[in-house]
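Shared between the two complexes below is chain A, which pairs with chain B and chain C, respectively.
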Partner chain A sequence: MSAAAPAPEERGGFLAQLRNYHPDTGLLISSIAMLVLLITVFSFTSERFFSQAVVVNILNQTSIYVIAGVGMTLVLTSGGIDISIGSIIGLTATIMGLLMIDQGMPAVVAIVVALLVGALCGAFNGFLVAVVKVPPIIVTLGTLTFFRGLAYLLGEGRVFMRFPDPLPWLGDGRVLGLPVPVYIAALTVIGGHFFLTSTRMGQRITAVGGNEEAARLAGIDVVRTKFFTYVIMGMLTGLTTIVIVARQDAAQAVFGFGIELHVIAAVILGGTSLFGGRGLILGTVLGALILGVLNTGLLLSGVVQFWQLVALGILLIAVVAFRMAREGTESR
Partner chain B sequence: MQAAIDRPQSKGNNLADYWRQWSGDYPNFTSLATTALLMIALAIIFYAINERFLSWRNIVIILNQGAAYIILGVGMTFVITTKGIDLSIGATVALSGTIIGLILVSWQLPVILAIPAGLAAGAACGAFNGYCVARFRVPPLIVTLGTMALFRGLSYVVLGHQILFGFPDEFLWLARGRILGIAPSVYLAFIIAIWGWYFLNYTRTGQEIIAVGGNEEAARLAGIDTNRIKFITYTIMGVLASIGGMVWVARVNSVQAAIAYGVEFHTIALVVLGGTSLFGGRGLVVGSLMGALILAMLENGLVIVGLSSFVQQVFLGLIFITVVAFRTLQFREGQVTR
Partner chain C sequence: MAATAQEIETTVGTQGEVVLEARNLRKNFGGIKAVDDVSFALRRGEILGMVGDNGAGKSTLIKIITGAYQKDSGEILLNGEPTEINSTGHARELGLETVYQSSGLVELMDAPANLFLGREKLKDGWLGKYFGMIDKRFMRRETQNLLKTLNITVRNLAAPVQTLSGGQQQSVAVGRAAYWRGKIIILDEPANNIGVDQQRAVLELVRQIRDQHNIPFIMISHNMEHIFQVADRIIVMRNGKKVGDKRVEETTRNEVVGLITGALA
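Let's look at the complex of A and B:
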């Protein structure tokens, strides 16, 4: 990280070559370093840290952050933000409960509906952001209340439990020793990475986030691009909900409360720019792992649960401050 | 599309054109007038549904509920005027409330110690936000998202899930006493609103706040210490959050770590409702005052009408989204006309 000066093209170490090939390598390496550091610290403070149960638990927790995080990476890359995802999770979970427990619908229907509800919520956000042009933080602050209110209204304070069989398998089933959510998360990451780096739509999202005016002049339909980004975010939130409901084998209107903070933190820790124009899906995976390790590690080390919130807040601000300082010197 | 191009040339042949011209010339007055109209319309609707809504008793209740919103709203008006945002005020209320609760309830110390300690806690929270925003140039959204977790987490670390109650009468007097039939907190809120209006419009620092929000680069080149202005703004927000927190704690006579959860949403909503621009550079303290009263009227009125708190939440969310969408369109139209 100290070798901030860009190396000349012909010569330079392995790192410099890597950086030439891929400019975001530095960010990824700093994320990996942070992850390794945390793991090292916790391996001293807690003996059980490397047991299979703990590792599986971390992976499970991480996969939820990762699935939502891929969507959030796209949104941040487009220069937006979405803090309503926790409420979308609550609303979608409630609707899944109503469909499967009350109406006795099969899991497939509930899954499709969950994705649709998520996409609809995302489309609502996307419409207000892209078409009406209200700042994203304000839109999603409003829908944060609105969607959560709808969830409470539909759920009437109930807890839906004991979902019929195929659904719980999505949460705690194992394939080749690894939990199913990990595979879902891995597929989402591969899809998201390919989408962002190699498809036209992905490139447009980056372009719009980088410089909206330039993107417009280059002939990109900015409104459509932004709208689409929030719809994807909504759909991935729906997918997150399916995994959460399957894992808990329960659904409730309060599900997902405050998750936006963790997801945004994971994405930002992973190196995605706050100002748009640079999205690192692979970084988001690392960021989510950092959060998962931090949460579980603090818990195992016997730290009171509430300190996790404190640690998260400090970590988020510190990392962003550090990154801002570095970017400031690089651009000069 | 054709109409949009023609609009600026039309010479005010009808009422709509007059209005458009007028709102271009006096944007602040127009915003305040629409907010006031909304407030009156709301009062008439609730009065039509239930006459008790405008009884003196209920008006006192509404003012009492609105006092904390007014105080928080004044601070948030400053912050949004600098083109910033503060999501941590709910957590600041909780942290300063926790400290006051510890001093007054757990340690049984006098009120004269608790109030400065609460103010200091709020100022420290605000100063921390301001320092990170100004010095490290971390975007306000991220700073306050982080401190939202940080301050709330600290409150939980201190209090856990316990609820402190049984505050001394001298402290409760703030919201439960009566001067000429109205709670002292209401007078406090109005004094703060008047001060805020004067501060923003007629003092040097206030003008600099507007300048920084309007165009930071231009303000810097004009010799304004933008970092200092931002720091001051967030610190004021923190102090006002702790005052709002005291009013809140005195009203409910209890404190817990989860107190005032989500109040940042209501506060930002009422400020936008009052006509302060989300794009910085224009702050209407009087509008925020009316916005706070509208919010208190809505909360009170929806209960009187007999809606559950869930429906209220849906309503508030919808109203908020509609108002902001309307204001944004208004703002853009204003730009086109000019």
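Let's look at the complex of A and C:
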């Protein structure tokens, strides 16, 4: 090691240099390759796949998973997990319905309240994880039913419909040919990427997830960092709810049921570690797109929905198994 | 706050005055006297080896000094001033840098992120102030300079430190302590679990930092070879008590082993 041969710092081809700049490049490239492969396959199996309407539809469908996925990437990077987000969506949607339909509050107020409700739910999770120190999977398993129960209690089985403007516009409005949710997702991604890679808090989230003890010894406030991560997750879940409610132009306590599995799958497909310490926001976008393309492609190819579920399961396990095997050989 | 690599290189101190003194430290766990009336002094530029069997009280003693445990009684003086060390964070503020056995690095992060772990350099201006944006270029440059000063060769600065050898990781950890102007650096089994060549390199680095910057070290080790390679003085702990305090040139391995086991007590 010391005084050994001089460092062959910037050596090798373009790829090697890219990896020198950023070691996660390999993961992103493998995700892009998978996406391209899927698109190629589906362009053969379905003639309609390449129409503008289909592409726009995939982007539109994917946007909600991307928004929640950015939050989930942060939570997984911090070494945690949040499986309660589907229920947070149900609760937030119900409250939006009560405020806007029953109370006649303007959309702006309901939007702010939705973000706040999401953040509060996240703070509740964060408090239990970071301060009370209950394992995150247990905490959010508990709040998964807790928040859903609250949503049913408040909503009393009702369906809230016909939301006042400009809320529906957030769901189906178009700017330059693209649906508004796509822009919301894009902004979330840019913000999330910047936050995770280039800010102090982002670094600390990664450090806490990578080696909590080392982070603590280095003087990082682990409790605060974890708590904050769940609050962001909750807030982004609130944002996801706004988009869902706007797109459906309806709200119901059952909204968001099961979404957490789809979101976590997208994040993991994108290369974020389930065990913390490595988060790739851009990978999450690719992971969500892979799922969107897979679903739409199979649908257009005439595959029954049950087989789509089977395919999704196989893909997820195969990708993670492949990646772990590769990492195993690389780090040794 | 942060010393640049150049500044570290040119730091010159005076030899010999006592920088850390422990007086009659005691710590009990239930009925067990983990540290029992221990006193010792550490001088500037000195490498103090601390040896003893498992459970002899080395770790407890070090944890009291680094603020991880609170002492039951006794006194700690830093540069002659009685000082209460409340927490590990407080110890670090006082200039006591600790390098832990597990190296204390986040293995999945790169060397710059680890060097600045918990003390990230923010960008000047509004980006740093309001968005907490970190100055990656500064951190990268400082890391490069530091590694050069310490003769550590890292192929790719952006690679997670887990891709470095165990010895390099430990060197980065020791280098980090020096970078942050540690006035006293405490090493807990610095050369454990790494290859023989790398052990030598880490010990060489310790001596180099001491020689260049006159920083005193306390080094806990099980390994008699390591202790005799770098230490100027050796403290032997046994059953919570200090049973030996010898300059290396005035003692032998056999004597130290005898003190550790109690054969010479």
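Note that in this section the second predicted complex is superposed on the first by the 322 of 332 C-alpha atoms of A that agree within 3 Å, B and C clash if a C-alpha of one lies under 4 Å from a C-alpha of the other, contacts with A are read in each partner's own complex, and residues count from 1 in each chain.
Operating definition for what follows: contacts are C-beta pairs under 8 Å (C-beta built on N, C-alpha and C of every residue); 3 or more make two chains touch, one makes a residue touch a chain.
Everything quoted here is computed from the prediction, not taken from an experiment.
When the two structures are aligned on the shared chain, A:A218 is found in touch with chain C, with no touch to chain B. In the superposition on chain A, A:R200 contacts chain C only, with no contact to chain B. Of the two partner chains placed by the overlay, only chain B lies in contact with A:V139; chain C stays clear of it.
With both structures placed on the common chain, the touch criterion links A:G104 to neither chain B nor chain C. Legend: residue contacts after superposition of the two complexes on their common chain; A:G177 is shown touching neither chain B nor chain C. When the two complexes are overlaid on their common chain A, residue A:R278 makes contact with chain C while staying clear of chain B. Note: no residue of chain A belongs to the chain B contact set and to the chain C contact set alike, using the contact criterion stated above. Here chain A touches chain B in the complex through residues 81, 128, 132-135, 137-139, 141-150, 152-153, 261, 264-265, 268, 274-275, 304, 306-314, 316-317, 320-321, 324-325, 328, going by the rule given at the top. Listed in rising order, the residues of chain A touching chain C in the complex are 1-9, 19-23, 194, 198-201, 203-204, 206-207, 210-211, 213-215, 217-220, 273, 277-278, 331. On the chain C side of its complex with chain A, the touching residues are 88-89, 92, 98, 100, 102-110, 113, 117-120, 122, 131-134, 136, 150-156, 158-160, 162-163, 165, 167-168, 171, 197-198, 201, 204-205.
Note for the complex: chain B touches chain A at residues 85, 132, 136-139, 141-143, 145-154, 156-157, 160, 262, 265, 268-269, 272, 278-279, 308, 310-318, 320-321, 324-325, 328-329, 332.
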